[in-house]
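So that you can tell them apart, the chains are marked A, B, C, D, E, F, G, H, I and J in the order they are listed, and the count of residues begins at 1 in each.
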Amino acid sequence: MMGRKKDEVKSLGKKEAKYIFDYAPEVLEAVQNKHAGRDYFVKFNCPEFTSLCPITNQPDFATIYISYIPDEKLVESKSLKLYLFSFRNHGDFHEDCVNIIMDDLIQLLDPKYIEVWGKFTPRGGISIDPYCNYGRPGTKYEEMANYRLMNHDLYPEKVDNR
Amino acid sequence: MMGRKKDEVKSLGKKEAKYIFDYAPEVLEAVQNKHAGRDYFVKFNCPEFTSLCPITNQPDFATIYISYIPDEKLVESKSLKLYLFSFRNHGDFHEDCVNIIMDDLIQLLDPKYIEVWGKFTPRGGISIDPYCNYGRPGTKYEEMANYRLMNHDLYPEKVDNR
Amino acid sequence: MMGRKKDEVKSLGKKEAKYIFDYAPEVLEAVQNKHAGRDYFVKFNCPEFTSLCPITNQPDFATIYISYIPDEKLVESKSLKLYLFSFRNHGDFHEDCVNIIMDDLIQLLDPKYIEVWGKFTPRGGISIDPYCNYGRPGTKYEEMANYRLMNHDLYPEKVDNR
Amino acid sequence: MMGRKKDEVKSLGKKEAKYIFDYAPEVLEAVQNKHAGRDYFVKFNCPEFTSLCPITNQPDFATIYISYIPDEKLVESKSLKLYLFSFRNHGDFHEDCVNIIMDDLIQLLDPKYIEVWGKFTPRGGISIDPYCNYGRPGTKYEEMANYRLMNHDLYPEKVDNR
Amino acid sequence: MMGRKKDEVKSLGKKEAKYIFDYAPEVLEAVQNKHAGRDYFVKFNCPEFTSLCPITNQPDFATIYISYIPDEKLVESKSLKLYLFSFRNHGDFHEDCVNIIMDDLIQLLDPKYIEVWGKFTPRGGISIDPYCNYGRPGTKYEEMANYRLMNHDLYPEKVDNR
Amino acid sequence: MMGRKKDEVKSLGKKEAKYIFDYAPEVLEAVQNKHAGRDYFVKFNCPEFTSLCPITNQPDFATIYISYIPDEKLVESKSLKLYLFSFRNHGDFHEDCVNIIMDDLIQLLDPKYIEVWGKFTPRGGISIDPYCNYGRPGTKYEEMANYRLMNHDLYPEKVDNR
Amino acid sequence: MMGRKKDEVKSLGKKEAKYIFDYAPEVLEAVQNKHAGRDYFVKFNCPEFTSLCPITNQPDFATIYISYIPDEKLVESKSLKLYLFSFRNHGDFHEDCVNIIMDDLIQLLDPKYIEVWGKFTPRGGISIDPYCNYGRPGTKYEEMANYRLMNHDLYPEKVDNR
Amino acid sequence: MMGRKKDEVKSLGKKEAKYIFDYAPEVLEAVQNKHAGRDYFVKFNCPEFTSLCPITNQPDFATIYISYIPDEKLVESKSLKLYLFSFRNHGDFHEDCVNIIMDDLIQLLDPKYIEVWGKFTPRGGISIDPYCNYGRPGTKYEEMANYRLMNHDLYPEKVDNR
Amino acid sequence: MMGRKKDEVKSLGKKEAKYIFDYAPEVLEAVQNKHAGRDYFVKFNCPEFTSLCPITNQPDFATIYISYIPDEKLVESKSLKLYLFSFRNHGDFHEDCVNIIMDDLIQLLDPKYIEVWGKFTPRGGISIDPYCNYGRPGTKYEEMANYRLMNHDLYPEKVDNR
Amino acid sequence: MMGRKKDEVKSLGKKEAKYIFDYAPEVLEAVQNKHAGRDYFVKFNCPEFTSLCPITNQPDFATIYISYIPDEKLVESKSLKLYLFSFRNHGDFHEDCVNIIMDDLIQLLDPKYIEVWGKFTPRGGISIDPYCNYGRPGTKYEEMANYRLMNHDLYPEKVDNR
């Protein structure tokens, strides 16, 4: 089987990306999924996410986990990086950020299944970890979303703020 | 999508909160859930919980994990901090604390689902970790609560009191 | 909601408990469960358990995890401590100890569900971890016991004897 | 309830066991299960297993996890130690070792359920972890074996060869 | 039961393997599964995988986990090592690599069930972990594949890029 | 050598200590050091320390490590517990707390050497860990204090606020 | 000894700080050191540092450890937070950032001793950790700086980019 | 070089040791050090130590680390085990236990250097870790003891009582 | 203080580097050290190093730690990446690789001090970790090199080949 | 600089080594040190060491760490593997094993400095970790050996026998 060719995606070859630091969902790009006949998962681990608190304007930090079953499209990973950068000077609640990221990726990819989990650093001694998921309505992936929500995080990780 | 505006919540902008150190459920505040059409989880990691033993008056310490699926309301996180502070000089059993916290949040939020897990530090070489949950009666969330209770903590964390 | 009062339990307030170091199930005490209308879990982490090998008389050491869904009664935690101390000079196999502890707590509490897991230190390079559970016969908790046994310990912890 | 007496098992009290270092299933001994009316698990953690590669004659090392639900018999732990020692100068593939160990214990104990998991150290940068299980045919334990195989190791442990 | 004999497999005894560093699925070899009557798992942990990025030609690194239920054939482990080496100077996307590896092993072994999980190191602050699986069509193993996909990675590991 | 007798210390045998929750150095008690001819260390690990922020009145949390070489006196451990409890509703900077604790123990014990290290939980994404030490002036312990300060914390522990 | 009073520092009581996101050393504030007669360490753990790469404009992330022996002044911790925020949209090399932070704190505090260690996340598979220190020239603290540099990081932490 | 012969030590070959559970220093035995011309360390890790609190009679638990440079004699390890067992029903302070253990081993072995470190589990939220050492008076080992005391435990381990 | 400008270094801005996969020390580039008046450390963590075994031609893997005190020059980090890539198809012993890397960086930078530590994955159950260092001859950095060699790795990390 | 050539060492290229399982120091081989003008360390991590107890004939297991500064010779790593294998059926005390290994390597290599640390698995709840070292007599390496012995293992690793 042949590997990918350089002209299949634009972002990776660009000389110097312009980094945008306020919410810019338009930077997201998709590439073709070569294994669309098979259901499989792709997970992105993104420990360098930062946004601003909409009330205090103070920086917030999180690790964002994005996991999805593609249909025809994969998200191109460099464009995902640019997209997450664009929250840098944008203000929103933790609960809103994970929902918005998932909405934008559904819009881009029309995936069979997707989930987004944000694990934020604490403010005032408490940290917040919102988790949302989605299965294409009317398909078995909708049931999958229900099932995974029902089984979500039965073992909260140990947290001591250090 | 626009971010949150500053006047949506009262607690975050307040100059100096008065901290109350005996059980004060009235400090809890809710904010609107902007994604009420979607079932998703919000988890709070609270490793700085302290209360008093009702028998010996000695301080107790715990990490409290609160996880819920909101309906129309989210708990405002700074008010949750103030609420948990209010147990500081209040005396109650470990088993009672987690049940009371869950009762107060059900009262405030009318959530679809909620669970509270307390992991206390040991006294006399034994530590106690109570866990309670709730699904709105008569809905699929009630089944969810049963399911999650049945699957609760099959892998107790390693504990050696050090 | 009011906290617990001091005269509800006898053990916690006693000046000096007499510690008994041979199997004494009679020291166990129960207190009223204030949340009996709700199914919830209470877990005890007991990393300071020691007994004697019935064959060699050599000391054995274990961490014992006890987890149960109370009905009308909670086990009072200080009395549980005294009970576990009473194995100190008692000789029995690892497999027997966990079964006996569970039998005594069923006798005391008539719980809806209970499980006991002992994780012993190695002898001759091998360590033994017995696990037993119980659901009240003829109720859904009996099914729960079957379910949890079927799902028990799919991920054995890493052990290297150091 | 009385503890175990010394003459119930032969191996523990023997002055000096003769250690046999080539495959000797005949050293395995069983003792009576005092709690045969109850389904419960016994797990052995055996991090000191070693055998020889049948092709290169080079020593192999593994941690073996054995977990079973006894019927009338328990495996006596010192005899299990002697049995595992007997692989020391025996040559076989990793996949074969775990199957043979399970076969010998089924032969000895006629257990309701049993599983054996070997985690070997790497050769050529790759490590191999075979896992087999068994439920008594025609009983619910056969279904249990299928269920546990289907759920086996969804979370492979982190391995970096150091 | 007799151990394996040296002439059963060719690769292990070879004096000096020629290492091939561009994609060479033909190096894969199979050996007979002696326990074909039993469903069991074999897992390979491969933390020394490296390939090239098809766009930038920059080296990529991953730990690859391969887990399968054999039918008549086992993959010979030294040939698997040679096969994975052959990606060293081959360029492909992370998502493609894991799918190709699984396709080649299905071709070689006709296994009942197989899954491949790649955990790559980050580029631009994001790491990608694709996971695919397969159950023989029309058998219970196909359902097993669906079940395991539905339950895949509910607990993403902690990642901080260090 | 005989063990300690019960009447050597007052605090351990007291029925019910009155817990004082504002700075009360007078609760500290000393006992005789039976090995005063030998220089040795005693360390206290105190992970349940809490005080109030003098500016915001918000609770602060820390683990306090106290380590000293006694001369004629040991600090009685239950009285140390009572003393540390007395910071519960007292307001002071992190830097001040560790200095005050050390001053009070010098006053009580006249130790040869002492050090106090506080590791606080973060506020605003930053945590503070003050460390002070003392050697009796004009003795080799003063040099020891200089030496240990010079070598202090060359390896800051990994901190990620979770 | 009395605790700190609210009017001793300005930053902590301010209603809403204006956050500045380009290098602003002027936000740093000092408070009086009440224990100036004693040499002791204060360490700040700052895992939420972010700046921009001066060449690519891409965000960089680091944990910054700052440790110093104060003379007359302590750095006020909220002002330190604001100062570190001010690197958010500022571009500089890793090696430059840690030197600049140390220069600014020397300017503010005239400390006896100070050190700054930055641990950055990887780019292109390599991470960079610069460390600088300073002792007041002509004093024993200058020797201390030499000594600590000579002993710096003999045990590099384990790093695998995940 | 020949290995050890069986009649060199008595304890290992004994059929059934009588275990003594009150302080019995007379059970300690020594064997000849075959490498007495070389200074080297022998360390014993003893995580299964238990004694009684002299005031409350409550069991205490500790890991004891013993490390020494032998002269003509080694402590025979099985006799050390018996000796440590003999504290099982003996009451003494933590600070006393480690000093007594060291005194008894000095008496038995006349070692060049020895140190004993006890790490006990917490009571009332505080754990105590006494450490003592000894170098033969008038030799370089006495300086070694001073040096090691001066450098003792600059990095207290993380303790959170769980 | 101004940040770095884009034209100060060539490698970071290049569109597409040509990656060279056989030993190419000429790709190394230096940039000016802006803080040459101060002795400070720069450490590179390089967990993605791979070379070939000169005897078997089999791939080797290592984490390389490089730490140095610059004089007038810093190594440009992207060029260091290219240089380490160039070992990909080059054959050499582990002991030789770390010495060669250090020699090349001395040649490039003329640093005051430098050290290189390689931690390789095991072959045949044994892993090799060579460490070399260098201080400019006739300066205090030469003594520093001796001192750091004498103190090297007193605490070997725990290794179990998994 | 040229890499190593294949004919420089005999062991690595051999088709099939004969593995010897009783103490065979004659299998050790040396190769030329190409960097003999520089003092540097080579460390071997050997977690797969096994021998027999000379009294009970029971297998013992250890991780052996060997670290040395070569003069003209390096130990060839495959021959070291064969040498360590040769302890497989050899009986000796832990203290003797590490001394013998060091003696044999001194004999082979005449190194400037060498140290050997064995960390054995527990028997009867106690594990033993002997450590010996050597510096060439009359050189600075002899002082180095004294220095490293004096600083040996100030931080015993956490051990809990699991």
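Keep this in mind: contacts are C-beta pairs under 8 Å (C-beta built on N, C-alpha and C of every residue); 3 or more make two chains touch, one makes a residue touch a chain.
As the structure is a prediction and not an experimental result, all values here were calculated from the model.
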Check your understanding: Where the centre means the average of the CA atoms, what chain is farthest from subunit H?
Key -> A
Practice item. Nearest 5 degrees is plenty: how much rotation brings the CA atoms of subunit A onto those of subunit E? Key: 70
Practice item. Would you indicate which option in D-J, A-E or D-I repeats the interface seen between D-E, with over half of the contact pairs matching by residue number? Key: A-E
Point to revise | Inter-centroid spacing, subunit G versus subunit E (mean Cα positions, whole Å) | key: 46
Point to revise | Between subunit I and subunit E, distance of the C-alpha-averaged centres to the nearest whole Å | key: 32
Check your understanding: How many angstrom lie between the CA centroids of subunit B and subunit C, rounded to a whole number?
Key -> 27
**Study point:** Interchain centroid distance [CA atoms averaged], subunit B/subunit I, Å
**Key:** 49
Check your understanding: Which residues does subunit C have that touch at least 2 chains other than itself?
Key -> 13, 16, 45, 47-48, 56, 58-59, 61, 121-125, 127, 151-153, 155, 157, 159-162
Practice item. Report the residues of subunit B in contact with subunit H in the complex, numbered from low to high. Key: 58-59, 61, 119, 121-125, 127, 157, 159-162
Check your understanding: Once bound in the complex, which stretches of subunit G touch subunit A?
Key -> 16, 18-19, 21, 45, 47-48, 50, 56-59, 61, 85, 88-89, 121, 162
**Study point:** subunit E to subunit A touching residues, read off their complex
**Key:** 53-56, 90-93, 95-96, 98-100, 103, 122-134, 146, 149-156, 158-161
**Study point:** Residue ranges of subunit A touching subunit E (in the complex, touch as defined)
**Key:** 1, 3-6, 9, 12-13, 33-35, 38-48, 63, 65, 67, 69, 74, 77-78, 80-81, 84, 117, 144, 147-148, 151-153, 155, 157
